[in-house]
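Reading through the structure tokens given below for one structure.
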Amino acid sequence: MEALRELFRDYRFAVGFVIFLFLVVLAFLSFASPYDPIRQLQVPRDRPPSRAHILGTNSKGQDVFWEATFAIRNSLIIALIAGLVSRIVAILVGFVAGYRGGTLDRVLMGLADGLLVIPLFLILVMVAMLLRGSMTLVNTGLLLAFFGWAWDARTIRSQILSLREREFTKTSVLSGNGTMSLVIREYLPFTTPLIFSTLINNIAWAIGMEIVLAILGLVRLEIPTLGTTLQWAITYQAMLLGHWWWISTPVVLTILLLVALYWLSVSVSEYLDPRMRIQRIGARS
Amino acid sequence: MLPVIRAEDLQAFYVLETLRGKKVVRAVNGVSLVIPENTVYGLAGESGCGKTTLLKVLLGNLEPPLRHFGGRVLYRVDGEYLDALALPEGKRQKLRWTYISYIPQGSMSVFNPVAKLRTTFMDFLESHVSGKMRQELLRHAEEHLERLGLSPKILEAYPHQLSGGMRQRVAIALATLLNPRVILADEPTTALDVVAQRAVLQLLSDIQRKLRNTIVLVTHDMGIHATVTTRMAIMYAGRIVEEGWTQDIFTTPLHPYTQYLIRSLPRIGDKRLRESAPGSPPSLAQLPPGCPFHPRCPLAFERCREEVPELEEVGEQKVACFLRRASHVVTS
Amino acid sequence: MRKGILGIAVVLLVLLGGLALAQLPGGVPREETLIVDQLTGRVGTPSNFNLWAGWRWQDRGLQQLVCEPLWTVDYATGEIIPGLAAEMPIYSEDFTKMTIKLRQGVSWSDGVPFTADDVVYTIDLHVKTPGLLYHGPMAEFVDKVYKTDDYTVVVELKKPNSRFHSHFLDRWGCLRIMPKHVFEKVEDPVAFEFNPPVGCGPYVLKDYDPAGFWTLWERRGDWEKTPTGMLYGEPKPKYVLFQAFETEEAKILAQLRHELDMAQYAPEGLRVVLEKSNTARAWRKDWPWVVNIDPCITGIMFNNMVEPYNIKDVRWALVLAINMVEYMATAFDFMAPVSPIHLPPVPAYVEAFFNPLEEWLKNFELDLGNGEKFKPYDPEIPAKLAQAAKERGYPVPEDPKAIREIFGMGWWKYAPEVAEKLLKKHGFTKGADGKWYLPNGSPWKMTIVTDTNPAHHHYRNAMAAAEQWRKFGIDATVNATEAFNSLHLMGEFEVGTMWPAAEPWGVGVDLSRTFDVWHSSLLTPIGQAVTLGPGGAARWSDPRLDELLKKMETTNPFTEVEATRLLGLEALKVVVEEMPTIPTYGYCGAVAWDEYYWTNYPGAENPYSQPYQHWPNFKYMLPFLKRVKE
Amino acid sequence: MRFFRDYLAPRLVQYVLVIFCGITAVFFIPRLTGQDPVLEIIAQIQAQGASLDPLAVRNLMETLKELYGLKGSLFEQYLTMWRRVFTLDFGPSFFQFPTPVAQLLRIYLPWTIGLFATSTVLSWALGNIIGGIAGYFSGKSWSKILDAVIMVIRPIPHYIFGVVLLILFAYVWPLFPARGLSIGRGMALNLELVLAILRGSFLPALTLVILGGVVWFQQMKLLVQNVKREDFVEYARVGGVKERRVVFRYVLKNAMLPQVTQLALALGQVFSGVLIVEMVFSYPGMGLLLYRGVTRGDYNLVMGITVLSILTIATAVLLLDLLYPLLDPRIRHR
């Protein structure tokens, strides 16, 4: 609790959190939606924002606001699955490879590099095409998770490598501390900011990737997400027909979401960085 | 005995701005000190009592969130007293390394890891010495190292290629490159093994003897103070609680806190468990009323909880404790 | 340093901006060039023009400007235009011999005269060479080919074929005549690149993009020695540029900037162009703008070999579960004409088939079991569609005739209660949740396979159908996949949105091409590719239809026109009764023309030619275009 | 020698393994898609209106299979594939039949390399330098404003950003062609050609540089904020080392090191942004070619592009790995 109170003193955290909370509330509002997200022609089409439809309606006869609540919910689900699952893999691989080194490191990093060096996007597109019929939210999330860990595993590993070079590792190892305690007590605090920032980056990447896949038509387009909402707006030429309320909704939501995440991550990583904390809290040296 | 640095009632706090107002960490809370020429001056105290911050203030390195709230720091340059905190930044930068220099805590990592040591030395030299050719400056650095008994070849090395002790000695060499009158050394031996510690301390003493300048040696290790320093001050919760000749302090420690520090030293043949003061130093953001040490002091009485004792002279020493007023008897 | 970068950027912008007036390839003058959209996208074989050996993006100008076929069909009228031929083919009584009279005075673009030798050579080569696309039919039917004089060719057939000429009748490809003097020097006619192409058409190749984005053609100096020139006069544009666009937005912006004269869009794109440009027009000058005289019909295809879609009543129940007014709103925003039969309601067909069938349609009955009957036809659908379109805010005419022209003749009633009866008759049950269950008790799940392009009619049909059937209580999902074609041909689908019936020869009264695919001899089991697509993918046949097809084979479409039409009429009835595929609405092209440089396009008010730039008949449009600024 | 054994050799082994596994994966994945390229071609011919009788179709299918190298068992096809990899002859493209894949690559590769290399290097350099400076002066108001602007730009999808640029600079203020590049067959290498290429490539490159650069900017800014607090930086600053020197030699140089590794790995991520940008601007690049190849089940083409990409990227990563010790003495002198 103290940590949270501390974090809230940073305006970036506070603002980021408020935006994020706002989006989560939006996502939850979807459960109260008076409309079916998939059905069309439920409301008059192409109407600008009004009291009845606060963000207007689209060319498919859907209420843009309520569609957006579904879109943000589904995109968050995809991104969280992708982010969390890939984080677990990345942390495990990064820590083990970085700390153990040797053959295991080489094997793991070979694997990660293999994933990275193959034009990932191409494989992603091919697999997405293969699975298109079954590209549900969970599957999309898992697919992205599968492709999203390699990069960060490498980053985390290099951080561990550099930590291993530091004096406290030698001291700690010499003083007979166990590996687990070393990893958890000494490494985790140092890598947490990195993990958090990779998580945020990964979520941003997942959301961006979902949008790319949707624009290429490689997900199930009838399930509203930020990407498919955008794709429909593009298909129906919302931009050039002047239906700004339709096309800007997913774009603005994406920007809001990623800005909020970015602020949260920057703030959290500053808080978690031990050196920074010294500066922030005072002269406890 | 002329002072090189005089601090007068220094106050410097960390001010943390948060959404719910300010939080003030009183790291240096009314410190007055006179650091004389040609000595090794010790500064002791547990972690978190403001030693490092005091050094920063003495160096004139006040960057947010650390802010100056009162008092002066006087340097004696060419017989004149200069108020270091009132000097323009440019002027202050000029005095660094020529008048006062600094070996930071954890100075193992003071070198740019991707540059050869020569580059780092040159960076410092070129910033302070004007009108000389690179070659001359390099020769100066080499000569300096030789004077300190280090091989000039290490200039061609990268920092990670040196051992910890060696790196520390190079750091000292870097700090003394321009023969400053005062060197502030913050825990220079903390991370080293005993052999390396001795080498570093030896080097510091040598430098002091050769240059006849002042080294302010900050360490929590009372053993080092006992062997190296001539005068010393004990710091607690942002204040100086005792000051005097090192020998005097070790023979007749006046402040109960000093007594704890000395008693915590291991002695040869002493099988008793080492004692230390119960508890830990108070948070500098929430100081207790009265004497900041009273919550840990076995001898505390009514007055200690209400008033803050001033630093007063008791013989050759100075102490901030009501028990040591002239009317009280020394009992230890 | 940032200033430096900014400076460089400004200089670059100014430099590039100075040359802003986009130059055309080869530096040809804009006002003499007609720039048209390449419908099938970027050319994949930019340096290869040999369209006899495979798909060569023939709509890059190759089939429109270079090739003159023997005959071309005008799909808007069904009329056959003789090109290199001088008249219609002449069949012998027993359909074993076809005589072709050739046009005189035509020359190839390299100056060599066109003669009967070219035709004989072409057919001969195809009989001999398996790698050529038309090798199959030529080898199967041609016994002998020879010339009787320089302008008469006789083809003797191995077996009777009253439609043999259709292999030379151009609609979107046919066996075009090769220049003998070019091909006879070539060792391998399949690998030959045919670059530059030599044809009897009025244009020659000037330049092309090695990456395939554009192809530039130049009018021949001796255009009067081409069939186009002889029939219609001088093609007006000196240059024609075919340009491919990767996105709709780029195409729209190009047209708004007058960098593109003729283009085809999704309806939304068309709306943008019409709204934003003062000089743009569509085929119709008023709503619904789009070309609705296209000979293709869109709709839904069942795999008649998969349960429960092998049951006629199930197929019909699914028809009656569709509310066509809502369907059209979702699918094409009311802009296309609906059709209850397997032909589009273009004017020629309204006359030949729709009007004669109307009474029959009105009286057509479905058997609901227990002696109950139901008449499913609803002639009021166009009026309902007009009403809905009006409510949507479109300027819909009041005249009933105009309404039928825009919205079609009629469609099937929205009768979910009747559909229910039809399904219950076969043991289907409806749960308390409103969901349907198959006779075996499991929930009715349906996957509709479709194309991946959301702008395509296939996709739009799939979305609209899924929407309707979900509402009806079937768990319908859409699977848009690149394997769309493969799945259909192999029969690995249950419901799809492939063309529900093949387009006839343009809108001629000869419907043999539409129904051929359903001959029982062509029925292919699942897992094996059907050879006659796309309709064949429905895997359906009917003995009554077999009978009619047999009669058609022995009817001469040129001399026995009425008999041909009546056979088609009967076949249509069989297919409607059985409903192996559901026709929904006629294909509509959303064409936009820019009248900034060129005008007198063949719009609805003056339909002197078919309106597309990608069809072979495009060459017959060019002589009628006019420069706006002389 | 130790350097070779400990640093070089493992990387070479890894290089070979990565290429092997990558190419194998790319061989198998498209074969799982259930798409039959031969059928797709036939359907295309039928849909485009050629009338083929059943016998002809059967003949055609056999011929096509032969040509496409789809004859024989999967294992035989796999062996054929490796032979093709070593000769860099991938046979004809399926959907652009009969154009050989090698020829397509020759046409498209230079465009993509030109656009991609330029924009990657530019976005990396600009993003890191500007991000580094902004990170060092993170307290200054210009840095905060820049940070805010970039934060908002970064999430914008490539497609939207590209189309907005296209609307702005090809329609509202028509500096650039909406039609894309128009380079003819026989255009000589002269100023006009260079300008045409520049004009056609400017907007796509701008999109990639901005949207790529902002990512580097944010990463670098965070890195610098950490490096800035390192002892050696603070010490140099306290010691009066000139600020310019502190920024470039101490902060940027140290923060750049991880970014070099990142660059090597970013190369593998080429296709998403490039593909969309090539689409929006009708740019004749590999991304476009690849997407069409994938959607049409064009194994040979996909194979060719992917093999080439894997080789190029793996080699680039290896080169960067080999160059890295030159930049980081901690690796060089262990």
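Miscellaneous remarks
In this document, chain identifiers A, B, C and D correspond to the written order of the chains, with residue numbering beginning at 1 in each.
Operating definition for what follows: contacts are C-beta pairs under 8 Å (C-beta built on N, C-alpha and C of every residue); 3 or more make two chains touch, one makes a residue touch a chain.
The structure displayed is predicted, hence computed values, not measured ones.
For this structure, the chains sharing the highest number of C-beta contacts are C-D. A summary of chain positions shows that the Cα centroid lying nearest the centre of all protein Cα atoms is that of chain D.
With each centre defined as the average position of its C-alpha atoms, the distance from chain B to chain C rounds to 89 Å.
Separating the CA-averaged centres of chain A and chain D is a span of 22 Å.
In this assembly, the C-alpha centroid of chain A lies 45 Å from the C-alpha centroid of chain C. Rounded to a whole number, the gap between the C-alpha centres of chain C and chain D is 38 angstrom.
Within chain C, contacts with two or more other chains are made by residues 249, 452, 482. Multi-chain contact residues of chain B, defined as those touching 2 or more other chains: 160.
Shared contact sites, meaning residues of chain A that touch two or more other chains, fall at 129, 165, 234, 239-240, 279. For chain A in complex with chain C, the residues that touch the partner chain are 38-41, 45, 59-61, 129, 132-133, 217, 220-222, 231-232, 234-237, 239-241.
Chain D contributes residues 230-232, 234-236, 238-242, 245, 249-250, 253-254, 257, 327-330, 333 to its touches with chain B in the complex. Those residues of chain C that touch chain D in the shared complex are 2, 5, 12-13, 15-17, 19-20, 22-26, 40, 42, 44-45, 47-48, 53-55, 58, 130-131, 133-137, 140, 166-167, 171-174, 191, 207-214, 216, 243-247, 249-250, 253-254, 256-257, 259-260, 452, 482-483, 485-490, 492, 513, 522, 529, 531-534.
Per the touch definition, chain D reaches chain C in the complex via residues 33-36, 39-61, 63, 93, 95-99, 107-108, 111, 126, 130, 163, 166-167, 170-171, 174-186, 195-196, 198-199, 202, 278-282, 284, 288, 292, 294-297. On the chain D side of its complex with chain A, the touching residues are 10, 13-14, 17-18, 21-22, 25-26, 29-30, 32-34, 151-152, 154-160, 163, 167, 218, 222, 225-226, 229, 258, 261-262, 265, 268-272, 275-276, 290-291, 294-295, 302, 305-306, 309-310, 313-314, 317, 330.
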